[in-house]
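See the structures that follow.
You will see two complexes here that share chain A, one where it goes with chain B and one where it goes with chain C.
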Partner chain A sequence: MRRRWERGKVFRSVLPHFEYVRPRSVKDAIRILARYRGEAALLAGGTDLVVRMKMDRAAPRAIVDIKRLAPLGGPVKPSGRSAIAIPPLTTLAEIASSALLKRRLPVLPATALLMASPQVRNRATVGGNLANAAPSADMAPPLMALGARVRIHTRGGVKTIPLEQFFTGPGETVLGVTGILGTITVPLLPRGARASYQAYTVREAMDLSIASAAVRVQKKAGKVVSACIVLGAVAPTPLRVPEAEEALTGTRGTAGDIDAAAEAASRASMPITDVRATEGYRRDIVRVVVRRALSEVLS
Partner chain B sequence: MRVEITLTVNGDPYSVHVEPNRTLLDVLRDDLGLTGTNRGCNQGDCGACTVLVDGKAMNACLVLAPDADGAQITTIEGLATGGRLHPIQQAFIDEGAVQCGYCTPGMIMTAAALLAAHPDPTEEQIRNGIEGNLCRCTGYESIVRAVRAAGRKP
Partner chain C sequence: MSGKTQGLIGSRVPKIDAWEKVTGTARYGHDITLPGMLHARILRSAHPHARLLAIDTRAARRVPGVKVVLTGDGVTCANLGLMQDHPPLKSGKVRSIRDEIAAVAATSEEAAEEACRLIKVQYEPLPAVFDPLEAMKRGAPRIHDKVKGNLLSFNYRFSSGDVDSALSRSAHVVEGTYTTRFVTHACMEPCFALASWDPQGRLLLHSTTQIPYLLQGHMAKVLGIPGSAIRIKQPVIGGAFGSKLDTYPYEVITALLAREAGRPVRLLYSREEEFVCSPTRQPMIIKMATGCDADGKLTARRCEVILDNGAYTSWGITTPHIMLLGITSLYRVENVLLTAQSVYTNNPTSGAFRGYGNPQGTFANEQQMEALAHKAGIDPVEFRLLNCNQPHSVTPQKFRITTCALRECIETCRDSIDFKAPKEGLEGVGMASMFHVAGGGRVYKSDGCGVIAKLDDFARLTLMTGATEIGTGSDTAMAMIAAEELGLPVENVSVINNDTDVGPWDVGIHASRTTFIAGNATILAARDIKAQLAPHAAEKLGCTEEELEWFGGAIRVTGDHDRSIPIDKVVRSLHFREQGKMVVGKGFYDPPNEFQARDMTGNVSSTYAFATHACRVRVDPETGRITVLKFVAAHDVGRVINPLGLDGQIEGAIAQGLGMALTEQVRLDQGRMQNTSFLDYKLLMARDMPRDIELHYIETNDPEGPYGAKGVSEAGIIPIPAAIANAVADAIRVRIHDLPLTPERVLEAIKSKP
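Moving on, here comes the complex of A and B:
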């Protein structure tokens, strides 16, 4: 095994050995995951998993490639009259170019385009972004703010939960060892509602966010009647901030109202200090991204 | 345990027995001897390993070999047709967009995919299009010029 030092971490130029498995069905995939008792990993685009294996942060005994499982793939399409269904295997490039999403939920293609690079977007999937559960995962805040629900395939059957209940910690979700993330269903925006996602990065391209914010705000007769505000990269999971939502609801959404909501969001955030930014700086940036996102939807 | 995969690389069919823990980049360079595709960071950051998989630009260092089974791959070695350089290759030469050359194959494959989707890209489309390709030498200006020049040609 050849090793070299990379960003202070062990870096493998040769991956550890594993068995490569193509399950025949979602049920079959769940059975295989159960058989390996936590020592198998699902593979979608691999842009997180393969990198983690090279960084020596994952060494699964088996890799279960779900890319050819029909129930997890297929096109982005309407779900009933008031929602859009996004299969978990949809790539970020497909999100970015979906005519349906560009027309009805443009915040999602805009978010996908902010992420990674064209090459990575051609492989990376939205399901992988959510299931990987990085606190900085960019698709999570806008999907949560839009009120997305996710289908979960488990040994006991299939259930649907709000995305808000999906994340349990950094890299951890309700999926546990044998769960598989299925279709993501996103309600269309009600009349008078708009959404925005703002991420703050040091570099413009290929960089993880220092802090980000997604907002969905609905106005009626000049007043904010509902608001959903979700922060990224400033807590163990994407973080909904009811304090900020309450600060905004019932107001006219003036610059002062936006500042108050941004301040509330900043106070409610729980950032850490790491190589990218200090805790205090992240708190300041929360204020900036919330203000930018709210200004965009309330202008 | 080795698995057998079949690939079409630059139009030629191959059948390779590989350990599953090898990447498409390893197979291209080490098994097929196609060393035009470079290994830089080996983790998706630099774009030196960019190839076309079923027509789409991808980082070969992030694709597990068994995952590429059945795919149509185009590498820098396959871009010229009938002894004639692809317009983007000629434009890189004409605009002096190559210095040390390490980024060049990946940069050209990325640009070829961009030009296939947008035959006459704007400067913004070009800059966004090559955001996943690092170049330590040129400062990118000559590369952007080359892509523009190739775009203007029919």
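Moving on, here comes the complex of A and C:
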């Protein structure tokens, strides 16, 4: 029998070697990404990237620091009369404390406050949360439910797409090797609409969701006229569940209607069993978080 | 000697090391560097069980900066562990995925890591076994060639009375099997070792060990050099909880690398490595039956325990000593039969952890008490009071209980948790008590500790001791005790306890023993100083020695405080004279307890601690998540030395115990840990703590304790999993026998209800 040579396990204490690059412009950054052909990583707050590097799950040849690129930063501000523009470099702490968001889209500051810890929130960015594309990323479901659109900087130019089309798999987005996530534009809630995000975690703080749900529901004359329901952590990407939305639309939003929507969402979810929870438990939790989110906005 | 005392004992004294810790100036192992120091890394196994066929280190040796590469075949040293089954560097075979295959020392951490990565190994994977019950079966893979059936010969049996007939005659009997999982200490500071050899061949090992003198002995044996050629120094220790109660391969490896390199070598674990490679609490399978008569008096108990030893044997193999003591002696029960068998598996090696098996045993014991009370139709609190231990009694294991406030602990919890209060939704209340060693624990032949006290010309008192401080506040307690005895301010006392060349013998910090044992040794040393100063002070003050009062840095005459002399002046008068004298006191305390005989009888501790915890929980019926609304802890502590330190010990234990009860578990897949970060190894956080925590201390003034104190540092964690399980059973009306009580498991139990 031929024996093969194998390597054992060495635990990493020091980051793998990498080059550090600070581009002068977004265009420059895209050029650098292209030059490294997938072996470079953008650095925003680093709270996902550096952790992955330390755990041997990423070893980029170059780190491209975008923190000082003006077009990706700046304050959260109105965009026209019916939307708010959030630059990708906005930190979770800034989201949590933005007076504009607290007044117009309070679900976003509330979501940011659920995440991580004050120290991590001071560094972590909303762009990093989305671009990292973890199925459990907390900012994604509420932004998707609100109908956010994201600007994408590519070699070919700039385009804007619905956030719903942004995620393509766990850790994968339409950005590919050279794309950069730009401004996130979130429409304000129309009259009669409310939104909620419910994340279920085992601990009260510093925990990733087992399952989460964001909902945006608009009611007119006592009836649900539109509903958007997005689940987190139960599919390869944040998952919009039209089955649940349909179950709710046109109803009065009674407890029974809510249960039906929650049940539909649970059935449509595609959870996996991993170290955090089993598939079955996640399905149970989907029912709970959808019901709680809908109950909040329909009460 | 009598007179007014300073009243320090029982006052809230901030830890004497608090300033340096909160300002970040404390020097932990990571902060220590030596000139020319190299950095070490360890290569570990890719398989849980495999034959090692070949190791190729050529590429590693070529990495610039690499000075030494060691493999198991390249070193000669003895095995570690109580069964001497643990080679520091493996050769021939690996038995768990943490097994050390090779080690590198290099001029930078990067080079050491890179070199380790380049080492190639040929394995022949062997069938592995990860479940102790499977490992005991005929035909199971044999983990150590000489050990049949993977059964450790170090096993336990205690028998008293006739259990079978007593159980068959009992009016009520409950039976059950309880399981607990691997949990880990998760010390804030990962493992560290720094070794250097002086030109004469003497080893200086910096280590965060809990057993400096035993470590000295173990290293001597393993390296084959005299113990006198070894010096152990301990930096500030960032958490231990029992995890540093052994001598570990990494300590030996660091010493070997340093000897080979002729330069100091430092090894630091990464956080992931700390999770995967440091010891764990023994998982147990506890099969238990308990009976009572029609009036509710306990008649008999049978208990069979199987422990997952992991691949190698640590000092933790002695865990059943302490675990079984809770099972036999928390409540009065005459007929008992206990057995404990440890089994080798290809899992991580398990070791000592705060409570030493007692939290696991109590999880079974106190759940059975509750279930049996219900079966007998007796209120569970009354049932406990009926059976609880009394002061001045002897248990079947021949433990001589002196002071005992178990009754008061139970009553205190009963009164403050309010068992009868109305409940909302799935709310429940639960209680559990515990029994633990509190006057040392003679699990080694020695249970002693020495203190040398030096009083200088400026009234600075230095205590030199081997008693190790791992964050429990024992240093502060020693300083308070010495200050109280000599009438000095606490600020005048230094404790030097980090160097085997300086401090006298101590067997180690374990068994909640340090404040009790080192505290008593401190009293002896301080009184020795008093005896030396008293004749001179009395002569100067013109009074008898009996009239002296030691207070506020001075020695004065009781009732006539104008006649007073600063204590340092007396010391100086002894130094600055012809035929002067030095002022050094000595104290050695070894408690009056016994090493247990093979039949597991013997008074293992010179006094025992009792405690009861009770809690009110709410269970979310939809998610199974448990919220602890209120937590009450009542402890018989003998006497409170430092309430501030004691609060910290008990509150910390509640945090750790709730983690064990609710969320913490090392998740293994084929012996590999899956949740190697704080994200997925779920220690609880500040926001998870009960909003309402009540601590009650019952002072029984133990005659053997320093100022009446008992050891308390483990007691706080022991009843918690049981108390929570009882409260959850009360809430959901289903009893869960497996730890931890994760939301998922609780929801499953709720759904399983008919």
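Simple rule for what comes next: the second predicted complex is superposed on the first by the 288 of 299 C-alpha atoms of A that agree within 3 Å, B and C clash if a C-alpha of one lies under 4 Å from a C-alpha of the other, contacts with A are read in each partner's own complex, and residues count from 1 in each chain.
In this section, contacts are C-beta pairs under 8 Å (C-beta built on N, C-alpha and C of every residue); 3 or more make two chains touch, one makes a residue touch a chain.
The structure displayed is predicted, hence computed values, not measured ones.
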item: Touching partner for A:14 - first (chain B), second (chain C), both, neither; value: both
item: Contacts of A:276 with chain B and chain C, given as first, second, both or neither; value: second
item: Which of chain B and chain C A:65 touches, first, second, both or neither; value: first
item: Contacts of A:50 with chain B and chain C, given as first, second, both or neither; value: first
item: Touched partner set for A:119, first chain B, second chain C, both or neither; value: first
item: First (chain B), second (chain C), both or neither touched by A:288; value: second
item: Which superposed partner A:207 touches (first chain B, second chain C, both, neither); value: second
item: Touching partner for A:103 - first (chain B), second (chain C), both, neither; value: neither
item: Chain B versus chain C as contact partner of A:81, first or second or both or neither; value: neither
item: Footprint overlap on chain A, comparing chain B with chain C; value: 6, 11, 13-14, 17, 54-55, 204-206
item: Chain C contact footprint on chain A (complex, rising order); value: 3-14, 17, 54-55, 200, 202-208, 275-278, 281, 284-285, 287-288
item: List of chain B residues in touch with chain A within their complex; value: 1, 3, 19-23, 42-45, 47, 50, 53, 56-59, 62-64, 66-67, 110, 113-114, 128-129, 131-133
item: Complex contacts: residues of chain A adjacent to chain B; value: 6, 11, 13-20, 43, 45-47, 50-51, 54-55, 63, 65, 67, 93, 116-120, 122-123, 204-206
item: Of chain C, residues touching chain A in the complex; value: 41-46, 53-54, 56, 97, 101-102, 109-110, 113, 116-117, 119-124, 268-270, 272-273, 276-277, 622-623, 625, 663, 667, 674-675, 677-680, 682, 684-688, 742-744, 747
